[in-house]
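What follows is a pair of complexes built around chain A, which joins chain B in one and chain C in the other.
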Partner chain A sequence: MDAIIQAFGLVFTWPVLATLVGAALFGLLVGAVPGLTATMATALLVPLTFFMDPIPAVGAMVTCAAMAIFAGDIPGALLRIPGTPASAAYVDETYAMTRRGEAETVLGACVLFSALGGLFGTVVLIFAAPALAEFALNFSSQEYFWMAMLGLTCAAFIGATSPVRGMISLLIGLLVSTVGLNNAAGVPRFTFGSTDLMAGIDFIPAMIGLFAISEVLRTMAAGAPSWDNVQVKVGNIFRNWGGMIVRYWRQQVRGNVVGTAIGILPGAGADVAAYVSYAISKRLSKTPGKYGKGHLEGVVEATASNNAALSSAWVPALVFGIPGDTITAIVIGVLYVKGLNPGPTLFLFNPQMIYAVFLIFILANLLMVPLGWLVIKLARGLLRTPRAILMPIILVFCIVGAFASNNAAYGIVVMLAFGILGFFMEENEIPIAPCILGIVIGPILERNFVTTMIKSDGSLLTFIDRPIAAVLALALAVIWASVLYSTFRNRAAASA
Partner chain B sequence: MRFSDTMLGTVLLLLGASIAIYARTLPAVPGQQYGAAAFPTLIGLAMIGCALLLFVKGWQAGSVPLVARTEWTRQPGALLAVAITIVCIVAYILLARRIGFVPMSVAILIVLFRSLSVSWGKTVFFAVAATLVTDYVFRSLLLVPLPFGIMPRLPW
Partner chain C sequence: MIGRTVLAMGAAIAVSALGITAAAAQYPDRPLTLIVPWGAGGGTDATARIIGAGLERELGQPVSVVNRTGGSGVVGHSAIAEAEPDGYTIGIATVEIGMMHWQGLTELTYADYTPLALMNEDAAGVQVLADSEHDTLESLLNAIENSPAGTFRASGTGQGGIWHLALAGLLNDQDIDPTLVPWVPSEGAASGLQDLMAGGVSIVPSSLVEARGLIEAGRVKSLGLMGPERAELFPDVPTLSEAIGSDWQIGAWRGIVGPEGLPDDVATRLMDALEAVYNSEDYQNFMAAQGYGVRWAKGEEFGTFMEQADASLGQTMEAVGLAQ
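So, the complex of A and B:
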């Protein structure tokens, strides 16, 4: 109880609340601009968080990400361009409704069910994380090894159109994570005599490069065309809220549960959750024929799902230090910088921090309603901002952000290299998310593998001689088998 | 620039093989079977595995050009715009220390705005305004030591 009161004291101070509102507005703006993703919003926020106390730093990232995922629905509905990949699953649906003159209904539903989904995910986070943390205190290096493997597997295979390309992206990330002195033997690897590389490749500039610079390059290549003008007028978004909750409670609950479950899986995040929920909704619907032509049912389920996934992705991140999605991958980096090493012991020694994070989650999802209304009102003006002005400014912001990560030009070099890499990967349809997760999970995987091998004197059987480890290994085997099975079935179907 | 499966596989094969070979040069930990080399070796081998899968795919797909130009590269000026952006970042890396953040940032913004054919008035206004705001936020509020170079210290 003491910890909860302390948490209130940590959160309800003017600087923290002001930071949250600022981060919320930033997240809404970035999310609402097509091409700028929630992950990019979080990555751009990181240089700013270096200079904050731990609670406002984490709070800013939580709020910013939640807002960006919701705001991605706005250009989807108004222009048929999803603001973030998590909105791509149902963009045709929302746009069709806008064209029928139901923009306020669909955007209202997006605000309402996003906030409810986020709150549901938060409730699960609040109850599941401490219980899991207690459980995780029994974990040894074997269990962490399998958790890391599970995270990598989900990252590469779930939601990837081509498992091989997901795998390639993952391997690039793992390779990047091996650079430097940071390994069990303390041997410099892939440093080629450079002292900068000894410390490893800095994660933050790499992120900024992969997500922001590659997008800047793409927009520059396209000549930064402006978006079509938004012609629609959005009326009162709060109309029909009561009716929608009554009518779509089933979809809402199902979206929440599926989204939360996918979010908890290490490595799979909001965009995967939205696709899966939309597909489930269509399959279980009584009127599947209406899908794709502007039907609210699927939108409700998917938008509830992506925000729920965003909150529950924090479960593995806080409990095991294994990211639930790309956003929590960034957050884990920031937690380490702030001395809040994620893991079960965080719950033992710093419970007030954990409760403060929970509080911020609740606040963020409540803030979503008034601020979401504001941004929807401003959306027409916002989408009229020419990209030709926006993109160069983002580039300068990226340069400064990459520099700020360790106050050296080396950060900018890393940013540029990863920007070009990300650009090339997108050109070749290699997804970027697995690479990021590889960079974060790689060291965890290697450390626990080598530790286990040292403990057991090189016997591989140790990995499955503890009960929890054996169960995790089995779960992993099932996922691998199902990926192989579906690949072969698809191939057989294609050749038949 | 889009690589065919065969081309991508070749690049990956070479990369994987060189990683695995490089890993053999890493010293072993005395008395241990798995040291610094284990993980890079596995990554290298997995890359080779992916390369082989890509070769199979490429072989099934029949003959496609090894490297194809993607749609956007055919648009006039597209490649130039990408090159200009990259050159701007490189110029910043090389020159910012000597010249300073403010002049470099203004210069980069002017070049990029103009290459996207923003009007001169807007170009100058946004280049100066965005630079000064960034400078204020990062140098003064966040205490990032952005290089001064030839610029005198601004009054904030």
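So, the complex of A and C:
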């Protein structure tokens, strides 16, 4: 109890609170610019934290990262440029709502359920971190292989409207992911002697191209018509939010639980969580037909899921110093510099520090609500711009974002190539989201398959002879069987 | 303070986007770019950023740290070598520059750079689970020698990475067939350690700082260090010469280089600035707090260091069959 009071004393001082608000605004700014990522925002803060005390230093990074991730939803919804692969899972849904004039509603939902998801993940972190970290450490390449398969299955079969088209998109993504040197054997593939191609196809420019450039192309081809719908103003925001919480509490809780569970695993993270949650939501929904056409239900569950995953990624990071993603990796470094060495001892010897860090997690998620709302109100002005003017501006942002991903013109080339690919995919009604997951998960799937084979000298049995792996394999088999069953039943019903 | 960073970042982005080409009056009269061949979040990135912050103070110009990742470091190292040799683009080179060309991944070698300053080196350690029956390196090596191939598996970097080479080289040095311990490629030390905990592999020959969290949590122990002397971070871990009387040494190093053919006055200015950064309290404290080792060599001396490292890595890679 003493430690908790001390923690309050550490956090609730003017310099700390001012730092948090400053870092939050910085995170929002960076995250809202398409192509600039939360990782980039956090890395830029590193030199600054040297001159800060431990608590404001860690607080600045945590707050900045949380804001930047949420802010990635804004260009996704308004301009169809997803900030992260995690928001790519539902960008079509949010953009469809914007086109219907409901930008304020959908972004309001994003900020609300992101914050709630983050809080849920934080609560789990506070109460169960040590035990959960132990569990996460049992995951070896076998288990990661099945997790990756589960994510891909969700994207292709359940999330997509047509499984065959979803599969085509996924396979394009997987093919793209094989380019480069980044494979288990370290052999260059499809590089044609180019140094740039050795790095493979980065998903950020690819994502910007597939979603945003294809949209710019389509709008240009149609002569940049104005949107038919005027943006609807949401009246009393709190009544609106209250209504959403009542209507979507099931989706919210389910998204939180799934996101937290996936986020705890180092390396699996928020991307997979969002896709899996979106798929679960659609599967269990009473109105799956509405998905993909601007339906809030799936957005709520997926956004609740990816923010919960972000918070729970701190579990292995704080308990064992094992980073769950690039952001936690940066913060772990800062923790060491500030003498807050991650590990069980942090919980034992420095409880007031760890409670202070938890408090900051909570504050960061609470800050997200007012600041997020403010940004949404400001960003809405963008949508009043005539589309003939807006499209070139989007193109400029896309180019900046694609360049910034690896500070090279190569990113712009990738973006343009994928823009054309995305245009033709959509003309043929092939969904884009599965392709993105293919690019992100492809290397994880392959690496874990190959390392498992190396460890077992080529015996396939090893994929099911560990208990957790067996359970995951069984879950996957059940999903496949149910998809096949419903496909056949539908076909039989159609022909009868 | 945050506001200032935003401005500085904005300025840096604007400048790098415009690619200013004005002739240099008094070097440096415009912002510098420091290229990092590895991603944000890694040790090299953190080291580069603290060096960048120090250089900013010494040179009085903004230094924008730019990550050029991918291709196991080939992309970023190429970008440094191909930059204009005017001193406005420098980079942080890592041990991989002495390895990639032996694997046939690139033509680049240490000779394509102007060596400026060696800033850090971390020796490889030999980590096993804390409850492993082997308490000494000798016992572990004996067990490896007298067990069938594949009893022990190791992980910690990709195929042919520095930690792979460290272990293979150690076995080779002890006249043990390196193929007895198959290498399981991983994304890096963190995922290798994760797999060690999950029971997927039994040895992780990473640096001590990378295993620090788990060693301090009492879950992993280090049996030996492949460096000239014990590490300040874990002074209980013996060096190889103390543990088994071997003089095999290997580690990952990081240094600042420029493209080949940097003008002498520019190189001297940079070296002096780097020396001041290296000796600064900020740099020394930062490295000590993170647990990184520091090592200094300047200009020519650094060049000789890279030349020797290159030759010795090449020899080892040849011996264990990793060279092309």
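One rule holds in what follows: the second predicted complex is superposed on the first by the 269 of 496 C-alpha atoms of A that agree within 3 Å, B and C clash if a C-alpha of one lies under 4 Å from a C-alpha of the other, contacts with A are read in each partner's own complex, and residues count from 1 in each chain.
FYI, contacts are C-beta pairs under 8 Å (C-beta built on N, C-alpha and C of every residue); 3 or more make two chains touch, one makes a residue touch a chain.
Bear in mind that the values here come from a model prediction, so they are computed numbers and not experimental data.
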item	value
Contacts of A:G59 with chain B and chain C, given as first, second, both or neither	neither
Which of chain B and chain C A:V46 touches, first, second, both or neither	second
Which superposed partner A:G121 touches (first chain B, second chain C, both, neither)	neither
Touching partner for A:A185 - first (chain B), second (chain C), both, neither	both
Chain B versus chain C as contact partner of A:L174, first or second or both or neither	first
Touched partner set for A:L29, first chain B, second chain C, both or neither	second
Which of chain B and chain C A:G108 touches, first, second, both or neither	neither
Which superposed partner A:A409 touches (first chain B, second chain C, both, neither)	first
Partner chain in contact with A:G298 - chain B first, chain C second, else both or neither	neither
Shared chain A contacts, counted only where both chain B and chain C touch the same residue	47-48, 50-51, 184-185, 400, 403-404, 407, 450, 454
For the chain A and chain C complex, residues of the former touching the latter	19, 22-23, 25-26, 29, 39-40, 42-48, 50-51, 60, 137-141, 143, 180-182, 184-186, 188, 195-196, 198-200, 202, 266-267, 319-323, 326-327, 329-330, 332-333, 336-339, 341-345, 400, 403-404, 406-408, 447, 450-451, 454-455, 457
List of chain C residues in touch with chain A within their complex	1-3, 5-6, 9, 13, 16-17, 39-43, 45-46, 49-50, 52-53, 66-72, 74-75, 78-79, 103, 105-106, 150, 153, 155, 158-160, 182-187, 190-191, 193-195, 197-201, 212-214, 216-219, 282, 286, 289-291
For the chain B and chain A complex, residues of the former touching the latter	1-3, 8, 12, 19, 22, 26-27, 29, 32-36, 38-40, 43, 46-47, 50, 53-54, 57, 70, 72-73, 75, 77-79, 81-82, 84-86, 88-90, 92-93, 96-97, 101, 105, 108-109, 112-113, 115-118, 122, 126, 130-131, 134, 138, 141-146
Chain A residues touching chain B - in the complex, by the definition given at the top	47-48, 50-51, 164, 167-168, 171, 174-175, 178, 183-185, 187, 189-190, 213, 216-218, 220-224, 386, 388-389, 391-393, 395-397, 399-400, 403-404, 407, 409, 412-413, 415-416, 419-420, 423-424, 427-428, 442, 445-446, 449-450, 453-454, 458
